[in-house]
Amino acid sequence: MPMIARTLDDALSAIADGCLLAVPRESTGVGMAATRALIRRGIKRLSLVALPTSSLQADLLIGAGCVETLETSAVSLGEFGLAPRFTAAVMAGTIRMKDATCPALHAAFQASEKGVPFMPLRGLIGSDVLDHRPDWVVMNNPFGNNDPIVLLPAIKPDVTLFHAPMADRAGNIWIGRQRELVTMAHASAKTVVTVEKIHEGNLLDDPQLAAGTLPGFYVESVAVVERGCWPLPLPEHYPWDGEHLKEYAKLAATEEGFASYLERYVYERAAA
Amino acid sequence: MNAPPPEAKKDFRDEELLASVIADLIGDARHVAVGNASPIPALASLLARERGKGTPYVSLLGSPKHTFFTDGGRELFDCAGQGRIDVFFLSGGEIDGEGNVNLVSIGEYEHPTARFPGSFGSSYLYYVVPKVILFRTEHSKRTLVPRVSFISAPGGSPDNVHRTGGPVGLITNRCFFSFDRQRKRFKLASIHPGHTLAEVIVNTGFEFDRPPDVPETRAPSPETLRLMRETVAPELAEVYPQFAARVFGIGKSA
Amino acid sequence: MPMIARTLDDALSAIADGCLLAVPRESTGVGMAATRALIRRGIKRLSLVALPTSSLQADLLIGAGCVETLETSAVSLGEFGLAPRFTAAVMAGTIRMKDATCPALHAAFQASEKGVPFMPLRGLIGSDVLDHRPDWVVMNNPFGNNDPIVLLPAIKPDVTLFHAPMADRAGNIWIGRQRELVTMAHASAKTVVTVEKIHEGNLLDDPQLAAGTLPGFYVESVAVVERGCWPLPLPEHYPWDGEHLKEYAKLAATEEGFASYLERYVYERAAA
Amino acid sequence: MNAPPPEAKKDFRDEELLASVIADLIGDARHVAVGNASPIPALASLLARERGKGTPYVSLLGSPKHTFFTDGGRELFDCAGQGRIDVFFLSGGEIDGEGNVNLVSIGEYEHPTARFPGSFGSSYLYYVVPKVILFRTEHSKRTLVPRVSFISAPGGSPDNVHRTGGPVGLITNRCFFSFDRQRKRFKLASIHPGHTLAEVIVNTGFEFDRPPDVPETRAPSPETLRLMRETVAPELAEVYPQFAARVFGIGKSA
């Protein structure tokens, strides 16, 4: 049964150095407060997989030296420009990059969700994305005729981490229409969630709420962290903090600036 | 016919011209999907929808209000795989003369000299969306290259590779190239008012076909401009407020 | 855009003789009023695929001579016993049976949903279910070592037909947690839905309702039919009509009894 | 130790005995799933949960109230594929001595002499649920056969076939057989009070191993009976009212 943790750090204890950590795209509910707590804890050697893209979260973790391998389809700050620490790390060769494409990541999580070793995907053939993925296989579609198709091995994260609008005391999480969060939880050994608030009553008892609920059965631990996505958005709750992201983009352009960002916004607990 | 005489003062903005060209390309599609941070394709798609009285269906990604998706991030790609997306837009850090797009890096992959965000969904959508409109406002030898450093998605595929989609053309700030899938080559289809063939040639890094006389890109008709400005721009402002303010002066006083 | 049909028959016009028709299991929302209307219309040569099982719906359609091929994991009346017309037809050899297993059908619909030609599935090897499916392929898992795995070709129905609690005027359908209905609609060329009622307002505008909504984008036509599942249940709305099913089981035990059932409950429009 | 002396009058019902045996088999599982129309396995699972103070998690399929699934009908199978279902129950129109189950038909597949509903999820779940408890109250040569006519799911698989699950035993109205996966054979583990070895032999169509002395099935302890009757039965009545009324007299006046 899920633990409703007393502190954020307690909830994050399932996320160990060196684990395969799955995180969602920026518009789905990124656990930014949790990410800052992991950096403060000094987490190391993460294999980070962002389904299917990331922004500030990957950039922060990379800049803080927490990431060994990154699998994703893109990292960018969107209208605030390139992700500076990601860009610098790839160019310096300090992280191992597994470039993917969005539907390949969705399919590989679904393979794990379904307990199958792989999933097929169209596209990809003739791309350098495929050429740089020795772990992907091209085979002939046995239902076709001289019809090559790519098979993607299942991605089985140790932990999925995200932020959601609410949980109940049984650890059920309301995720609304952000259904990749359900697939991520199914695909992962453990799922750690931060939420804006606790919902009194059982989410599964209300048919309307149940339709958008990840059952607590899949959840390892939950912590309440208001504005847990900040400065990223939580859909239908709060938008990007554009001013902050502008500041981040400016500071993170240099290592020194990034260090001062960490000092001010990550290590300074009051700001978390 | 509606084109103004050469050198006439334009009564439209560049963005309006590009959107008008794209709206014509969209044609009679049923469903157009527009990626994040693509205001001109979004403008064009909403214009096409306005002209078609509700058809095509337009999905503006990144805007929960303007997408119907309720099955998570995979639904866009599943929808394309089902053949239910007819038009999509792609750009690239580099685009080459065979229609290959590069969204990853320049130089050796392991030791790049420049790194872009990544391929996003291009390595799939380029294959399964019938009309992919390439879009790159910066028309230079830096962006339009002889051969991309990294192929996020190829412009064409061998006959036996499952491919129901691909590029139909490339629109830039200077011109529109159509793409010939058989020949795997671009053809200069029209040059935007105020730009010249010589300028296109000197700023394009790849070879392309061209007819003896290259027409001027057809300017938006007064009716198209009216629709864009009066009806479409206010809708667009909900998703792209800064763009709508800059191009159409909408919401400036707000 | 979906048609909000004026009559049930109008809504059903997309379902043609000989089509591949997909229907859901009995606890998910079976369009029984629609099924009776199709029988009245005299629909013929259906390839029926029930995801993953069926009860009264398949038995009625088979008994009325509408079905040429049936693909499913089981047909039964549950606590009311075997499905008599199904049993009789299989034993008489009057329908072509494609026996499957529940997760194989789910996977084959998901293959179609994802636009891939097949999906892998564990299990099955050494079963006679596999032996009687020449359309299923066993291959060696390229990520394993001498590791056989079954590949199932995508199921691409012409039409999916089901009943749901409500639709809005844009044709969005509230399906709650019955998410196989979403997969069925994605997998099918067309989707026809009957609903208990029309919801005023757009289902996608309310985040809680949106989480359980199939977008009208996938829907061909909608008709309002109150108690459209009767005598089967609509989850959270009404239960089985046990007395009626008992009567059905008794009557359908013989061809004559089944004919009188049809006369009384299907052809008699007032009872529809 | 708690078993009553032979021929003593039983102070429990057959259903209570079977549920008690099954609850012991469930052991320290984390998640038990029970198929539709399986009141005795449901009773056993709820008993195990009561004893374990909430563990295992029990999913009673067909009861929205007693399942957590929110991802449609596939979630049960996905959950099993993830290794998140530890115990499941299967029955069969026929079951043979190698643990093969037949839920499809008797005779030639194309021209059967009897037809059952179909394989449901057995052709998958039997392979991936670690403990599958076979359950068939009718113990006769008609149901327990030398060789099933149709294998919905085999009792065992070659070593190279991915298989994380399979049968642990078969419980009937007369006895409990354990299953030896290495030898692919049943072994008579215990005979229910009031039944005899001779009766088991004459009513079983397949060969099975047996120890020189076959123990009697351990009767439910008074504490187990108390838990079942006072705590579990009322819960069960919400899902299986008719069964709870018949066996436990619950809700009869309602």
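Each chain gets a letter, A, B, C and D, in the order it is written, and its residues are counted from 1.
Rule of thumb we're sticking to: a residue touches a chain if its C-beta (ideal position, glycine included) is under 8 Å from a C-beta of that chain, and two chains touch if they have at least 3 such contacts.
Note that the structure is predicted; figures quoted are calculated from it, not measured.
The minimum number of touch steps separating chain B from chain D is 2.
Mean C-alpha position of chain B lies 41 Å from that of chain C. Centre-to-centre spacing of chain A and chain C amounts to 36 Å, using the average Cα coordinate of each chain. Centre to centre, using the average C-alpha position, chain A and chain B are separated by 30 Å. Touching two or more other chains at once are residues 69-71, 74, 77-78, 81, 128 of chain B. Annotation for chain A: residues 107, 110, 114-116, 121-122, 144, 147, 149, 177, 182, 210-211, 235-236 touch two or more other chains. An unclassified topology is adopted by the chain contact network, corresponding to no line, ring, star or complete arrangement. This structure has the following touching chain pairs: A-B, A-C, A-D, B-C, C-D. The part of chain A that touches chain D in the complex is made up of residues 1, 112-116, 172, 182, 186-187, 204, 210-211, 213-218. Contact residues of chain C toward chain D in the complex are 24-25, 27-28, 51-53, 72-76, 78-79, 82-83, 86-87, 90-91, 93, 99-104, 106-107, 110, 121-130, 132, 144, 146-149, 177-183, 235-236.
Against chain C, in their complex, chain A makes its touches with residues 107, 110, 114-122, 137, 139, 141-144, 147, 149, 151, 153, 175-177, 207-212, 235-236.
Looking at the complex, you find that chain D touches chain A at residues 31, 54, 57, 68-71, 74-75, 77-84, 128. Contact residues of chain D toward chain C in the complex are 36-37, 62, 64, 69-74, 77-78, 81, 103-105, 109-128, 150-154, 157-158, 160-162.
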